[in-house]
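First the structure, then my questions, so here it is.
The first chain written gets the first letter, and so on, giving A, B, C and D; residue counts start at 1 in each chain.
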Amino acid sequence: MSHNTFGHLFRVTTFGESHGPAIGCVIDGCPPGLAIAAGDFQGDLDRRATGRSRHTSQRREADAVEILSGVYQGRSTGTPIALLVRNTDARSKDYDDLATVFRPGHADFTYQAKYGHRDHRGGGRASARETTMRVAAAVIAKRFLAERLGIAVRGRLSRLGDLVPAALDWSAVEANAFFWPDAAMVPALEAYMDALRKAGDSVGAAIEVVADNVPAGLGAPLYGKLDAELAAALMGINAVKGVAIGDGFDSAGQRGSEHRDAMTPDGFASNHAGGILGGISSGQPIVCSLALKPTSSIRLPVPSVDLDNAPVTVEVTGRHDPCVGIRAVPIAEAMVALVLMDQYLRHRGQCGEPERRTGS
Amino acid sequence: MSHNTFGHLFRVTTFGESHGPAIGCVIDGCPPGLAIAAGDFQGDLDRRATGRSRHTSQRREADAVEILSGVYQGRSTGTPIALLVRNTDARSKDYDDLATVFRPGHADFTYQAKYGHRDHRGGGRASARETTMRVAAAVIAKRFLAERLGIAVRGRLSRLGDLVPAALDWSAVEANAFFWPDAAMVPALEAYMDALRKAGDSVGAAIEVVADNVPAGLGAPLYGKLDAELAAALMGINAVKGVAIGDGFDSAGQRGSEHRDAMTPDGFASNHAGGILGGISSGQPIVCSLALKPTSSIRLPVPSVDLDNAPVTVEVTGRHDPCVGIRAVPIAEAMVALVLMDQYLRHRGQCGEPERRTGS
Amino acid sequence: MSHNTFGHLFRVTTFGESHGPAIGCVIDGCPPGLAIAAGDFQGDLDRRATGRSRHTSQRREADAVEILSGVYQGRSTGTPIALLVRNTDARSKDYDDLATVFRPGHADFTYQAKYGHRDHRGGGRASARETTMRVAAAVIAKRFLAERLGIAVRGRLSRLGDLVPAALDWSAVEANAFFWPDAAMVPALEAYMDALRKAGDSVGAAIEVVADNVPAGLGAPLYGKLDAELAAALMGINAVKGVAIGDGFDSAGQRGSEHRDAMTPDGFASNHAGGILGGISSGQPIVCSLALKPTSSIRLPVPSVDLDNAPVTVEVTGRHDPCVGIRAVPIAEAMVALVLMDQYLRHRGQCGEPERRTGS
Amino acid sequence: MSHNTFGHLFRVTTFGESHGPAIGCVIDGCPPGLAIAAGDFQGDLDRRATGRSRHTSQRREADAVEILSGVYQGRSTGTPIALLVRNTDARSKDYDDLATVFRPGHADFTYQAKYGHRDHRGGGRASARETTMRVAAAVIAKRFLAERLGIAVRGRLSRLGDLVPAALDWSAVEANAFFWPDAAMVPALEAYMDALRKAGDSVGAAIEVVADNVPAGLGAPLYGKLDAELAAALMGINAVKGVAIGDGFDSAGQRGSEHRDAMTPDGFASNHAGGILGGISSGQPIVCSLALKPTSSIRLPVPSVDLDNAPVTVEVTGRHDPCVGIRAVPIAEAMVALVLMDQYLRHRGQCGEPERRTGS
């Protein structure tokens, strides 16, 4: 039991605050013999990083990963892999005025209520900066899943405020700053975001993550359900307010004759289930959705209170994402990969290697 | 780590299959001195039970709880509380034809893929029968939360297929068979369900659960987030496909200026957050939603395959709920109560008693 | 985290008090497909049981195991296996006088200090009666270990008060009531115990457990060390005050040139290490020792206090073992088997199947 | 579940190899508000460090702790406290000849058998270097225990090869290089160790750790027993082969009338139990013993095998402790402190603050 560890056999423990000296993680339980190099992390870390377009926060961190342990001669040894990233572009002065007030929509108030003491700078531990290490840890999980099982995990935006994609073209996703699967709409997104930024406001978003080639059999019938763990993993990302598998909330309005996926000798005829039945993977693509609230740190003023419960007006002027959902795409992929990795090892522990039976 | 245990300090381990001799649970970590009697469980178990109206499965179980341990002289001793309920109305014959086929929409296929061996009768371990023990365990959690902290957890249907409540009157909820907060609509619901049953089909539903008087400070900034654990708890209920906190998926379309809840000396001005900020309770009501898919076991035939992957047609004729979402209301309440109970003990472990500060 | 659960992937949760209606356990994480029948448990349960000779407590329990779940058509399904044993020969009246006093050497005082409330009858949860379920759970572990890995776990007494075996003949162990490996000494043991019982006193004992054919590679370099987990498992048996691996406490007086086991192409030249190096099994026999204190419940009077801290004299007249160490032999075997089972599954999870390399 | 994490609510995860760039740890679950500064660690780290006398390894590490997270304005925030120590005096060349051979008595062989790949330099993860972080983490635990509960944990050598103290004077312990409680014997110890070093051999040792002022009530009746967790903690220290509580192995030869500690209104009349009854602290001093084997890395040659199982002769010429037991004293204290800290938080979680009732 730990509040800062994720997973059971493939365990990731993260540490670090937004404006502390460093952030890092310890990955315990990694299978031995996996090829890992410091440069492997940069790809996904850059996808997650701020400062890569004008539509995200302008904080610029190199996110250079130092491997402190667990890798020898380029391969994992089976012992804890510790990764360290120094914080280099924190501007704590931006937060001086916020030390004694609570920013509405943020963890400021609740953190103070819980611990009675907090590092307010940049949100401290509650900052999305911590997700750097989730993405880094998942680079290792993704590699293992890909090499051993052929699993691929990919994500995309499925909604940006008022906009939804008119087309679903995965090849477009990595070619724009919005992980948007409809290249034709990118200019409209740019304009939408520019207007939003100018207005000093922010907007929510939704993400879809798909995992292909997951073998049937991962998960468990009850509390260790694959969908339950995905739900926790995704809801555990900053700003997420909703999580769904397959048809998600639409299921509430469906008939049984419509929702249940017929089976044929060639596999399932549809995938309303999102690749999970009874908490266990079916061999179909795993399909998850998540909804993220709009950034609370915006220029527009809002009433709040200070540590003495006196009324104040808060205007946040630091560097912030006008839509935190965008950069959450690689984070969501990361969490899905971490869940799959852990479930795979747990399955192998109890049952041995899964059959590579796929349902489609 | 366990696939059949829920919680960390207040731990519930359940066991039993739908058509085995009994189901039961072991509750470990209950604070000592709490008054508990065998009769205490009946209220919530009856709310969850089948056979109480024509709109649920007609299986009739007394659900009489035997306390096997952990209670002495009417009070908890701090040691494991084991509860046992004998299965008395299983009709395994109904499942004889299903031993070698996979029912679409069920865990049959995935269970077989995982374990290579299964008790197919009544869905075995994957049956909703198991939820009896979640509700029973939560009776103890609810009592502790109510007595020590004044917390009340209550649930209601928020959608039944095509129908949504026109009014929200909590006092109506327990007065009809649908946990429906709009008494005027109950006749329409009856007719809707009757038509559905006649058609041999089923329908999905959505549920809202609200926890009042939760003190600020429960949860954690990261993986032990209160919302992440609620998400896992609720997604872990059979048939659930989506989970949301506060404004949930609507958040994706909102502006920051709209979503963030302003604070005043008298508390929060609104509750878009659903009572959780940064993974920690704010003192406002905790508001959770969940969506359940329609029952897959319906009379209407569906293509499927058997154990040899040969095509078959499945028609399920046993006793089933035309809408599993209805009876899931007390189950969802139970899961929320279990999460709150566990988080409270964990908070007390690390930080001592929470301040009873509430945000509204 | 749980105070009543043992293991990580192969998890055993026990419940029940000495004089409650029943004791039982839930075994979670058992690999599927293992043959299990209710009768399988009787052999080891009888070895552990009281009332089989005049040298143990005269409480007579049938210890008939009911399998409540997790087994279908004679094989494990991968879901929790719940086992139940009803208590039938509790004589709670024997304890009426002890409800308000603390028996020296017992958990009475500490239990009261921790929970403020206790079931004093027969020691309640602290009774050795609970070990019935450890032995039952280990029957499943032993079978898996034997069938899949050829592992055999066996124990014997290595000391009984003032007596130590003059010979080590494993074939003698199961042929006497003392698990004594020296048949010629059995009459002396009988006389020794008869004299002790007549004197109203009790005596300590020591046990050795050996596990053969354990593959090299089980365990971990640090906190999940095989020896550390064996130490916890054995120290967790009632009355145990010392635990050792290989040469144990004698190691403190040895030279490095004497203790370290030389290696040859045919295996290790000796086994001072007791089959574990750096927390990981070496392929040699695992050799563990444990020391048990003498039974505290004896007829001889002893000063104590009552709940009000007033002085009293305690004389315990119920049915008790004059040497709890004797019956602890199958319990110690059980704990070793549970540790090996869990470590094997964990190893398979992280690293895949262990090589069957053995060091001797 | 994790192989590199210790504890449940107060969790310490360590990482790092002997000759890697750094070692470190993450302490999760620390209560907020505790005063912590980088300099606080030096005292105990220096007690554990090599190179402080000619009787330990001559590797000289500054062991300068960098606090990476979890502390703000000099106080713990409740989030993970990450500590980092760079390795600066590793001489990996000393190990070049050992890359392909197994050193008898070391984890070389078993590590290779488990993971198939290892960092052989300085023992890699199996090095005692890792214990630096246990001692560092325990500095925080010791402070909390001392400030909040008045608990003091202290250790001493109780045997050094053939020598045992003739007197028990705690004030002498910190005044010599051997943690020896008998100042008059120190010259004899010096001579003994010098002779040993000259002979190229090593020797075992035994340690006693005492914790004073532990309140009654910490622990649990069964698997979470205080003594069981101490046993795991102490057996988990490198080279430990035996662990005992109170009278330990002597208990096997005692009578019940001799061992059980009588109680009086003024407390217990003796402490054979070592402060723990039925797995729960009694309020008396907790007394633990441990035995450590002699260092396996000595100059004297020993037969072994290489990776191809061909015979070789191993002579270890690097820098090694002739008695690892000496420096293990602060490590043993550390492990006891970590167990008490974790048990205290767990007790507070389930039962609230313990009564400060002490049994003596």
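As a convention for this text, a residue touches a chain if its C-beta (ideal position, glycine included) is under 8 Å from a C-beta of that chain, and two chains touch if they have at least 3 such contacts.
Every value quoted in this text rests on a predicted model; they were computed, and no experiment measured them.
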Pair joined by more contacting C-beta pairs (A-B or B-D): A-B
Maximum centroid distance from chain D, chain identifier (CA atoms): B
Between chain A and chain B, centroid-to-centroid distance (C-alpha), Å: 26
Centroid distance [mean C-alpha coordinates] between chain D and chain A, Å: 39
Separation of chain B from chain D, taking each centre as the mean of its C-alpha atoms, in whole Å: 45
Residues within chain B bordering two or more other chains: 1-5, 8-9, 14, 29, 32, 78-79, 114-116, 125, 221, 346, 351
Touching residues (chain side chain A, partner chain D) in the complex: 1-5, 8-9, 11, 13-17, 20-24, 26, 28-29, 32-33, 66, 68-70, 72-73, 75-82, 84, 114-119, 124-125
Residues of chain C that touch chain D when the two form their complex: 1-6, 8-9, 14, 102, 104-111, 113-116, 124-126, 130, 159, 161-162, 201-206, 216-225, 227-236, 238, 240-265, 269, 272-274, 276-283, 291-298, 300, 302-305, 309-311, 325, 346-347, 351, 354-355, 357, 359
Chain A residues touching chain C - in the complex, by the definition given at the top: 1, 9, 29-32, 78-79, 221, 345-346, 348-353
